[in-house]
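Both of the next two complexes hold subunit A, though its partner changes from subunit B to subunit C.
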Partner chain A sequence: MAQYLVRRLLLSVVVLFLTTIATFTLAHSVPGDPTAAIVSEKIATPAVIAQVRKKYGLDKPVPVQYVLYLKNLLHGDLGQSLTTRHSVGRDLKEFFPATVELALFAMMFAMVVGGPLGVLAAIRHNGAVDHAARGVSLLGTAVPIYYLALLAQTVFAYRLKILPFGGRLDDGIDPPKHLTGLYTVDALVHGQWNLLGMALKHVLLPGIVLGSFAIGIIARMIRSSLLDVMNNDYVRTARAKGLPERAVIGSHALRNALIPTVTVLGLTFGGLLAGAVFTESIFRWPGLGQYAVQTATKLDFAGILGVTLVVAVVIISLNLLVDILYGFLDPRIRVN
Partner chain B sequence: MKRIARFRRYAAMALLALIVPSLLAACGGSSAATSTPAATKAAASTGAAPTTAPAAATTAGSPAAAATTAGVAPTTAPAAGGTTAAAKPGGQIIMGRNINDLITFDPGHVYEISSNPIMAGAYETLVFQNPPDITKYVPVLAKEVPTTQNGGISADGKTYTFKLRDNVKFHTGNTMTADDWVFSMRRLHYLSDNPSFLADPFSTATAVNVKAVDPMTVQFTLAAPNVAFLSYMATNNTVVLDSKAVKEKGGTDAPTAKDTDKAKDFLDQNSAGTGPFILKSFKIKDEVVMDKNPNYWGSPAKFDRFILKQMKDSGTERQQLEAGAIDIANDLDPDAVAALAKSGKYTITKGNTLDHVYLALNTSSDVGGLLANKLVRQAIGYAIDYDGIINGLLKGAAVRPPTIIPLGLLGVDKVTPMYKTDLTKAKDLVKQANAVGQTIKLTYGAGDVIEGVALDTLAPKLKADIEQTGLKVELVPQEPQQRLADYRAAKLQFTVSSWSPDYADVHTYAEPFGKTGGAAAKRVKYSNPEVDKLLAQGLTENDSAKRADIYGQIQKIIQDDAPFLVIEQPVAQIVTTKAITGYVYHPVDLVNPYLLAKAG
Partner chain C sequence: MATIRAAENAAVISQKVRRERSPFVKALLSLRRNPLAMVGLVVLALWLLIALTAPLIAPVEPNKQDISHRLQGPNRAHFFGTDDLGRDIFSRVLYGARISVPAGILTILATGTIGIILGAFAGYVGGWLDNIIMRAADVVLAFPSIILAMAITAVRGGPSVANALVAIILVLWPEYARVMRGAVLALKSNEYVTAAEAIGATRWRILVRHILPGTDAPIIVKMTLDIGAAIILMAGLSFIGLGAVPPNPEWGAMINASVAKFYDWWLGTFPALAIISVVMSLNFVGDALRDALDPRLRGR
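Showing the complex of A and B:
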């Protein structure tokens, strides 16, 4: 196991390195001048622009800029954002926890709804429950998320007034004492129950909207995997032995059906983290998606690279976790 | 058949699941269709909503100002059918606006439009310019506005002496002195950031000529007379900071401040000013919160908390206003404003911004090509369907100044507008210039929206208008930041751009657009010695009427030369609930929160 982990870690470093090269090259190949975003109209003389370019290292050839970036990265310095004027590390610390909180909630919701839905659909194959489950899955994946977000906001916040329009807390309220940056976790750990309730109320709607896409994927994956597994001999044998159906499904079929589902879960979570842009924007959720859009549109190279690295690290870590989980789910799969 | 029936069942279920919530969302009340893309500034509708009557003079955080000016308390004409209740202390006021541009509240660095209401609430200047007549000054932290008569301005116009108001406390509890002003102005200059040019009138390469004559008197010595100087001193950057507190947090006014000052992080989240509000928190892309300053030197604010809240788009902003989640909607689309005006439940406040959208025509032969010929530039001026653009694209939410000086600034009324749509004249000018059939390239930012105008819609409209003259127009969409960089480098033949003011004086437009080497003029290689001469006169002319004449002459020349053609000057339109009173639109600050009150 240790050898396997070391091998995977080394591979991860290579993947991250290649990711930075690809992102750096792509970002610099987009036509545009990043200094235009930060130097005002009134003072944009060639001398001032040259000064700003020198300050941010933009006056050097691209390969030299990359080497310098890598050198700083090895010291934990992700550079300075052109748009926020803060260090990228600080920006990521500020924006990333919000996205993690949203994605975690969305994932939990998707698993709680999608998992049982998929199982029911498989068990009641071709019945009313199966049709309903497939309909819900279809809706979740087919309806554009920005439309769903606007609809949800209009119904629950505007019409029914039972949930807030957006934000992580009510207007003007101070966040809980900082620990992780996830307001629900921080409030829970510090016993700030009012804030916990408030944070949960605020994450509910965007979490459900973001998770709706994943419900469909999870439900369909579990359904088809379970259907496939349930046709196997060992399931027939289990039934023939007289085991109750619950035991047949729960102890024998489901575990094997989860193997492909776990893969999908890992990729879906990574996708939620990377793709929460619309949800964050509509629900005023100050997360990584919003930061990513801003840095991309302003050609903020350090910011773009910072976001890419974070997302890459998360996806690599999730893939590793998934691979380790395989070993638990299926004794035939050993990491050695 | 079974499959078909099953498919129909699925389709019916899917449709139902879509339609029911949509109906629930859409039906009833005054809410109309789905959200429309946000404009960067609110644009007015052509609805019949009553407008707020701007106050003859409004206080700007200064009880003394109210006494000095012929003060009339701001009045708000409520929308038809309602009255506003009397305001009582307490409560919070929430203003919604797209605040994605906000990054700091450090006066030495801040340069974003959305920051202005916060800066206006937390920090104060020596003097101020109150709408609607922003050509006049009122004292704020100065005891009186310096003039040559009261000895505040020296005879040669180069020395300005301000006697400071007594017993003004900073948010930190320290007392304001002249030394704090010296520190604040030096720091502004030496930070060498976007707003640092505001210290230029009294700074050189090696010195910042501001000194404390005594603990309560601060003096500025200008390099050259500058009648617009008081306007420089009325901006949200030329404000006073508590020097002791800022130094404790790593702030410095040393010449190395650009690299050594460390106070920005502190000032992003805390205010060290004297204003009626104290900055409490700033959550980027989310909200800014200010609380009432209980130790304010003047009358305390009429409510406890001001929140500036992020609004992604007009649709959400409108919903939140209607649901009572916000009190002020700052940048609604024209159709949303019209719908709200018809409801009769809101107050609509209108005001001319000092921004504009203009065409830049390169006058040099190497880059401008046939635009180097004034006749061709003038022809374009006559070809454009200005009314179509203002009424069609902006739903009437704009006005149009004669040339590069926006309406509301000194001297605009001294020039008769030259360019009205006149295709006959335009065609004639093109023929005279022997330019029929020749091509000009219009470069614009693809996907960009400036001052509420989508350039992907405006550019084809301009092409269609201009091609009626016999000229051909090639549209060149470009990545917006690259377009801006090329424009600044004077590489573009013909482009669309926008400008907004730094300070509320006519010179903030006349110089960059008219002076040889001015920030905008050099981008189109425009130079007219007569304009340069008049600009120099305008900077030193103390008599307001004579100064207005000078800038009138400048505008006539620039209008005739036509290196720039202004398409529109947006009209801001702010919607507030009936409970809000005192909203006075300020073309630079947007609003001063101190003037607001909320009933109930």
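Showing the complex of A and C:
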């Protein structure tokens, strides 16, 4: 196990390192002067630009520039955003919790709906639920999430008026005392029940929209791994000794079937961050996705490259976590 | 007598061999028995036809403005209604096919080719080349495709269809490289490859003549499904404002025009239905092809 952990950790470090080369290359392919990738000419005085050139060694050879780039990254310095006029690091720290809250909610929704759907589809293999699950997962890849978000907004906020159009709280309301930056959690911890209700009401619609595309993926994964497991000898034994089908599936088959699902959940999270780009901009959710759209469309290079790097770091770490978890759950993995 | 019978047998056998179709052709033919796949093929053929003939069949020029008839709901003169500049949405949706359909097909052909070549070399040559290619693939896969595509479009100087296409091509190749590498590795250890090596075939010949033909099934399935993904990605970039620029009648950009116009539901619904019908059809066909080509996956 130790060897597996070390190897997996090293691989992540290599990929992380290569990721910084990728963003460094992107930063160097911005039109005009490479300083534009750190601080936009539109807000920087000549003195600031000279300072940036010196700090990033832009008159030195490219390998030296890369080393300086890495050094600045490690100090959390991602440049200056044209959009907010703050340092990109500060922006990302501010917007990150909102995205985490939204993505966690979306993931919970997708699991609560997709999990049982997958189990039912496997039990009634080729039955009505099975076909419905397959239809949902095909539709999930075909409906653009930005259209689904607009549709949900029209129906629930505009027509039925039961949910807010967007934002994390009603306009003009102060957020709960800061602890995690997740408003629902912070409100819960501090017992601010009004705010908790309001935060939940606001996260409901964007969370469901964002989570809906993952329902099909999760249902399909649970279904196919459950079907694989059901053919095993130990499941036949459990049936043969007269266990009711509920117990066969619940306490024998499902446990093993959930192992591959762990991997899918990790991969799905990357998809959620991608979907957040659209969901957040439509629901005015002040997270990384909305920041990515604002910075990319304004050609605020420091901003968009900062988000890109941070999101990649999050995904690489999650993949590492999933692989480690997988190693614990399935001993066969550690050997290969 | 015995010789004649032997000759007859040989003839029968050779006939059988000749009649045996390639697995891929068989898979294509088996689509005829799958109603969903047939629906998908018909819809796709329709969209191709629309893309080719839009100028002939569109009732109005797609960018023709008519302020006196702005924001009309669907009616007899404008099947899909009109937008805030009085442009005919039906015509714009038809013209939109001329951007999205070729964009989807071309990006997947390009990114697929790049991925196939890199993956084949990685799998067949192995060693440091394999390592370099696959680590590069890992890096690209570490970014959510839309966010990396946004960054690439931005650093390439901002919104344009060309920049969006380049971004999508740069973002999607690693999955092809992975699939291809896996397929090549699986085939490489087969006895017929060892036999070809033994009779002195060059490595290039072995790769092209003996290994690549065995990898078509997973790649073709993936390409079919991914054309839809590319169309959605392209429309997504345009929706954000990083793809097709106004007044181009691009589906994603048209959906963007419906943001916060809750009453005028037809603005976004028809372009969205266009995207959904194309991608859903590709899903039907791709799914049926997968089932037909790989019986183990049937019904999964």
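Following the convention adopted for this analysis, the second predicted complex is superposed on the first by the 266 of 336 C-alpha atoms of A that agree within 3 Å, B and C clash if a C-alpha of one lies under 4 Å from a C-alpha of the other, contacts with A are read in each partner's own complex, and residues count from 1 in each chain.
The rule is short, and it goes like this: a residue touches a chain if its C-beta (ideal position, glycine included) is under 8 Å from a C-beta of that chain, and two chains touch if they have at least 3 such contacts.
No experiment lies behind these values; they were computed from the predicted model shown.
Engineer: With the two complexes superposed on chain A, say which partner A:Gly270 touches: subunit B (first), subunit C (second), both, or neither.
Structural biologist: second
Engineer: Just to be sure I read the superposition right, which of the two partners does A:Gln153 touch: subunit B = first, subunit C = second, or both, or neither?
Structural biologist: After superposing on A, A:Gln153 lies in contact with both subunit B and subunit C.
Engineer: Once chain A of both complexes is superposed, is A:Leu299 in touch with subunit B (first), subunit C (second), both, or neither?
Structural biologist: both
Engineer: Determine, under the contact definition given at the top, whether A:Pro31 touches first (subunit B), second (subunit C), both, or neither.
Structural biologist: both
Engineer: Touch test for A:Glu41: subunit B only (first), subunit C only (second), both, or neither?
Structural biologist: In the superposition, A:Glu41 contacts subunit B only.
Engineer: Which holds for A:Leu325: it touches subunit B only (first), subunit C only (second), both, or neither?
Structural biologist: The answer is neither, since A:Leu325 touches no partner chain.
Engineer: By the touch definition at the top of the document, which applies to A:Leu200: first (subunit B), second (subunit C), both, or neither?
Structural biologist: Neither partner.
Engineer: Identify the partner contact of A:Ile316: answer first if only subunit B is touched, second if only subunit C is, both if each is, neither if none is.
Structural biologist: In the superposition, A:Ile316 touches subunit C alone.
Engineer: By the touch definition at the top of the document, which applies to A:Leu138: first (subunit B), second (subunit C), both, or neither?
Structural biologist: Both partners, subunit B and subunit C.
Engineer: If you lay the two complexes on top of each other, which residues of subunit A touch subunit B in one and subunit C in the other?
Structural biologist: After superposing on chain A, subunit A residues 30-31, 37, 138-139, 142-143, 150, 153-154, 158-159, 281-282, 299 contact both subunit B and subunit C.
Engineer: For the complex, give me every residue of subunit C touching subunit A.
Structural biologist: Its residues touching subunit A are 135-136, 138-140, 142-148, 150-159, 228-229, 232, 235-236, 239-242, 252, 255-256, 258-259, 262-263, 265, 268-269, 272, 275-276, 279-280, 283-284, 287, 299-300.
Engineer: If we count contacts the way the header does, which residues on subunit A are in touch with subunit B in the complex?
Structural biologist: For this pair, the touching residues of subunit A are 30-44, 46, 49, 83-86, 94, 131-132, 134-135, 138-139, 142-143, 150-151, 153-155, 157-159, 161, 164-168, 171-172, 174, 281-282, 284, 286, 290-291, 294, 298-299.
Engineer: Can you check the complex and tell me which residues of subunit A touch subunit C?
Structural biologist: Residues 14-15, 18-19, 21-22, 26-27, 29-31, 37, 125-126, 138-139, 141-144, 146-147, 150, 153-154, 158-159, 220, 224, 227, 270-271, 273-274, 277-278, 281-282, 292-293, 295-297, 299, 301, 304-305, 307-308, 311-312, 315-316, 319 of subunit A touch subunit C in their complex.
Engineer: Where on subunit B does subunit A make contact in their complex?
Structural biologist: Listed in rising order, the residues of subunit B that touch subunit A are 6, 9-10, 13-14, 17-18, 21-22, 24-26, 31, 34-35, 92, 94, 100, 103-104, 109, 111, 194-197, 264-265, 280-281, 283-287, 289, 305, 307, 309-312, 315-316, 319-320, 322-323, 325, 478-482, 484-485, 488-489, 499, 502, 512, 519-520.
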